[in-house]
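Once you scroll down, you'll see the structures, which are given as structure tokens.
The same subunit A turns up in both complexes below, where it pairs with subunit B and then with subunit C.
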Partner chain A sequence: MQLRAARALGAAFATLVSLDAHAAPVATVDTRGAVYTDTDATTIVTSAAQATVTPVPFLTVQGQYLIDVVSSASIDVVSAATPSFEDIRHEGTGGLGYHDEDRAISGTYIYSVENDWRSHTGALTMSHDALKHQLTVSIGGSFTYNDVGRSGDETFAKRLLQGSATLGASVVASKNDLVGLTYSFFYLDGYQSSPYRFVRYFDTLDSAAVSQPETVPDRRARHALAARWNHHILAKSAVRTQVRGYVDSWGVVSGTGSVELMFGLGDFEVAPWVRVYGQKSATFYEGNYQDARRYMTVDRELSTFLDAFGGVRLGYRKKNLGVVEELRVDVDLTGFAFRFFDFPLLEERAGFLGQLGFGLSFE
Partner chain B sequence: MVSPVIVCSVALSSLALGLSGCEPGLSDPRDEPALDPAYFRCKVQPIMASRCGALVCHGSQERFFRVFARNRFRPLLGGAENRDRNTALSEKEIQFNYDSALGYVDASSPDDSYLLRKPLDQKSAGFYHGGATEFGQGDVFLDKTDPDYETIHAWITGATDDPACVEPGAM
Partner chain C sequence: MRPWRLAAMVVVFATTTGCTAVPAWDRARLAQPCMLPEPRPMSAGFAEHVYDYREGSVGGSGIVGGGCGCN
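And then the complex of A and B:
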């Protein structure tokens, strides 16, 4: 759990398995491997395999298995006076989708387990095309039940519930432009601290600094609004831009901007991209607490920081290879850097993420 | 034509400003449980000193939960000679131990306080505690009938003592 944020990289794979309601092939198989490493002594190796079957034209069935292997001696681990650790997370996903000419609906169930965390997620998404497919409106929701534990501690058991709702619309603004707006709301209720983190206060450099377990509010309401604009520029080339604003009831305010250029070169696709993110800390976060507060945390994800990610995605697609309708290979290379402004234990973090994907579609 | 991204950026900024009012009171001081300092000084602190404060345990700078005790962890003495390490704890050191213990008390659910569940053996619903394996004799309190466990529990649930009480080793 100490590396939930980092492990979100693994969760990103889950987005790969979102049901494509308009998929033509009868079956697809995709595998993906990734390696994450950073200057904070953390390495994550992820492998995922996914299969999708379309038994009848309007129905899609999908399943995925993902495994993360995490090893870390990060500042979070060291400062908790615990040795470096290795952890394995397993995640299974099953989904069912229906679509017709104008509508699509899909349901997904995800089960995830690691040594100190177990979760069940159910999600439902619906979309409807209108105005001769010039407008698409989508709505979705999810619910997650989490059992939070503590490694080596059978008696430590907490619960965290999370619900989300998403409302989106995208419009074909011109023959070269697609714009979209998505609002997302998340509500969390339950244990959101880390059982491994303790906060020192009074004077953290003094021998007389006292401490207590990290405490954060049980409830958190999160709002995000994202706008995207995809602009077709040349044959098989496009620019994709997105901005996202975020606020929550803990006082975190953040903004994200990203740009991706996509160039199609025959069967190949090259897409360099960059993303910049800035965040203001939670109201109750302090780098050095001078007195005992109702809520105190040393979670750097709640501090003020900037990060920048950049990379290039290289893709290859070849169609009509006999029984194989499509062959897909892609490589993602990403570099990133964080600058923490009020997290005394770590000012900077940089790292690299490399991914390799391979997929086949059958008719 | 104004870029859709610029239009949306303005909309997002407006949303952020409109919703940035977060939950009040998040930075308030902690509601300190009104636990009796005299009972702590005369009954609880001696337990912490003898059963938690060994130099390989919580009588160490390395621990988040630290205990000052005679002849043990006395960092506030600075470079004092060894004989000073056996003097009675100062008011500042006693206050530190009190504050330190208070940080591990859950006033809303006293029985779930780390101060009770950490030293309690896991077979008796205690939390994981490195100290349980330190001496190969199980955790500090094997069960809730340990008199020292009961004393700490009594303090957390409101026991009081004579403010003029004299703690063991004060002289």
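And then the complex of A and C:
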């Protein structure tokens, strides 16, 4: 829930991408459904619809509505003495983009609401082509205001602010290679714990077990640097690779690597892929606290772990169907597994993410 | 690593790897969907959504991410 700025910045970048990729269509409509389920008793069903209109060649207007339905009886929930919970999140996004031959700029606003969280995000992203379109430089920023609540407790009200900045460069390295580098910075200030998580430890002075709400620092600075390399190998086919390094002021250090082979076969597209991730825990995280500390958390996302995702994406595109310029259908099938090294309540987690998308573009 | 160092790395990277000039008429392959920075923004956004809330890191992707309703 601390990532609205990333979402807005991402949406703004996506608008920039759509400006390049879909300059010709006057309107596009896309819908998508997804199901996430894992062995930790969590299921998330997501549906989204997005429309983009290009009233004049240099201007794009974009809107999206998304709904998440979450049900969980995960170890987090059960350890908080709650049998399970269900929640629904609504999110609306609006964006406006302008581009000419060398420049693009887009702005995005996102409003998200659920029973214990409400956020407003604004983002602005610009890009500029230089050196005869050999180099594209992008810069973006965002700000998010979050109101954090606690279900069933009207008196609980916290605030979390987040700002972010992204700087990117993409280079045409050869007629078969595109490389890019992106640096992202996030700064968060405010309530970043979960009001539902409690840390248990044994108080040696009172000789009694103690349970208290988790506490983490109010401020967090996060840095990510990612490099991307797309290499064309055959007609409509490419190898796509990405690596990312990440550090933050809480002591979390991580590395990510992914590779995708994207094959174009006539109107069809097949893309098997794999992604691996490793993380070192936050400095204040412990699997078992022996006494009271200033900062204490049982957030497994702050622990040390490895994970791997992999799957296949299947796509179909058909162009020139009368008034419909392009029809798109795609299916994503993803499996994943986690191994936690110092989270005593859960050593492993596996799961599945499936997506089905359908889109139309009109001239 | 401090932000200004990373920014400097971006500039050095961008200015030293773009030395092989490719004329506009020879960029047909680069314009194909498989070479786009993100050919499926909505799909990638949904996946990023999962990464952001199942891992302790964020950023670097430049695509849609975040938000699962589980604080």
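In the analysis below, the second predicted complex is superposed on the first by the 336 of 363 C-alpha atoms of A that agree within 3 Å, B and C clash if a C-alpha of one lies under 4 Å from a C-alpha of the other, contacts with A are read in each partner's own complex, and residues count from 1 in each chain.
Definition applied: a residue touches a chain if its C-beta (ideal position, glycine included) is under 8 Å from a C-beta of that chain, and two chains touch if they have at least 3 such contacts.
For clarity, every value in this text was computed on a predicted model and none was experimentally measured.
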item	value
Contacts of A:G168 with subunit B and subunit C, given as first, second, both or neither	second
Partner chain in contact with A:T241 - subunit B first, subunit C second, else both or neither	first
Partner chain in contact with A:L181 - subunit B first, subunit C second, else both or neither	both
Partner chain in contact with A:A282 - subunit B first, subunit C second, else both or neither	both
Touching partner for A:S211 - first (subunit B), second (subunit C), both, neither	first
Partner chain(s) touched by A:R339 [first = subunit B, second = subunit C, both, neither]	neither
Touching partner for A:R293 - first (subunit B), second (subunit C), both, neither	first
Residues of subunit A touched, compared between subunit B and subunit C (which is higher)	C
First, second, both or neither for A:L225, with subunit B first and subunit C second	both
Touching partner for A:K158 - first (subunit B), second (subunit C), both, neither	neither
On subunit A, positions contacted by subunit B and by subunit C	173, 179, 181, 223, 225, 244, 246-248, 282
Residues on subunit A engaged by subunit C in the complex (per definition of touch)	1, 3-4, 6-7, 9-11, 13-14, 17-18, 20-21, 30, 32, 34, 36, 42, 44, 46, 48, 50, 66, 68, 70, 72, 87-89, 91, 112, 114, 116-117, 131-135, 137-138, 148, 164, 166-176, 178-186, 194-196, 222-226, 228, 230, 232, 236-238, 240, 242, 244, 246-248, 252, 254, 256, 262, 264, 269, 277, 279, 282, 301-302, 307, 309, 313, 315, 317, 330, 332, 334, 338, 353, 355, 357
Residues of subunit C touching subunit A in the complex	1, 3, 6-7, 9-11, 13-15, 17-18, 20-22, 24, 26-27, 29-30, 32-43, 45-71
Residues on subunit B engaged by subunit A in the complex (per definition of touch)	3-5, 7-9, 11-13, 15-16, 19-20, 22-23, 25-32, 61-66, 75-76, 92, 96, 99-100, 102-104, 114, 117, 122, 125-128
Residues of subunit A that touch subunit B when the two form their complex	81, 150-156, 173, 177, 179, 181, 198, 200, 202, 207-208, 210-213, 217, 219, 223, 225, 227, 229, 241, 243-251, 253, 255, 282-284, 291-295
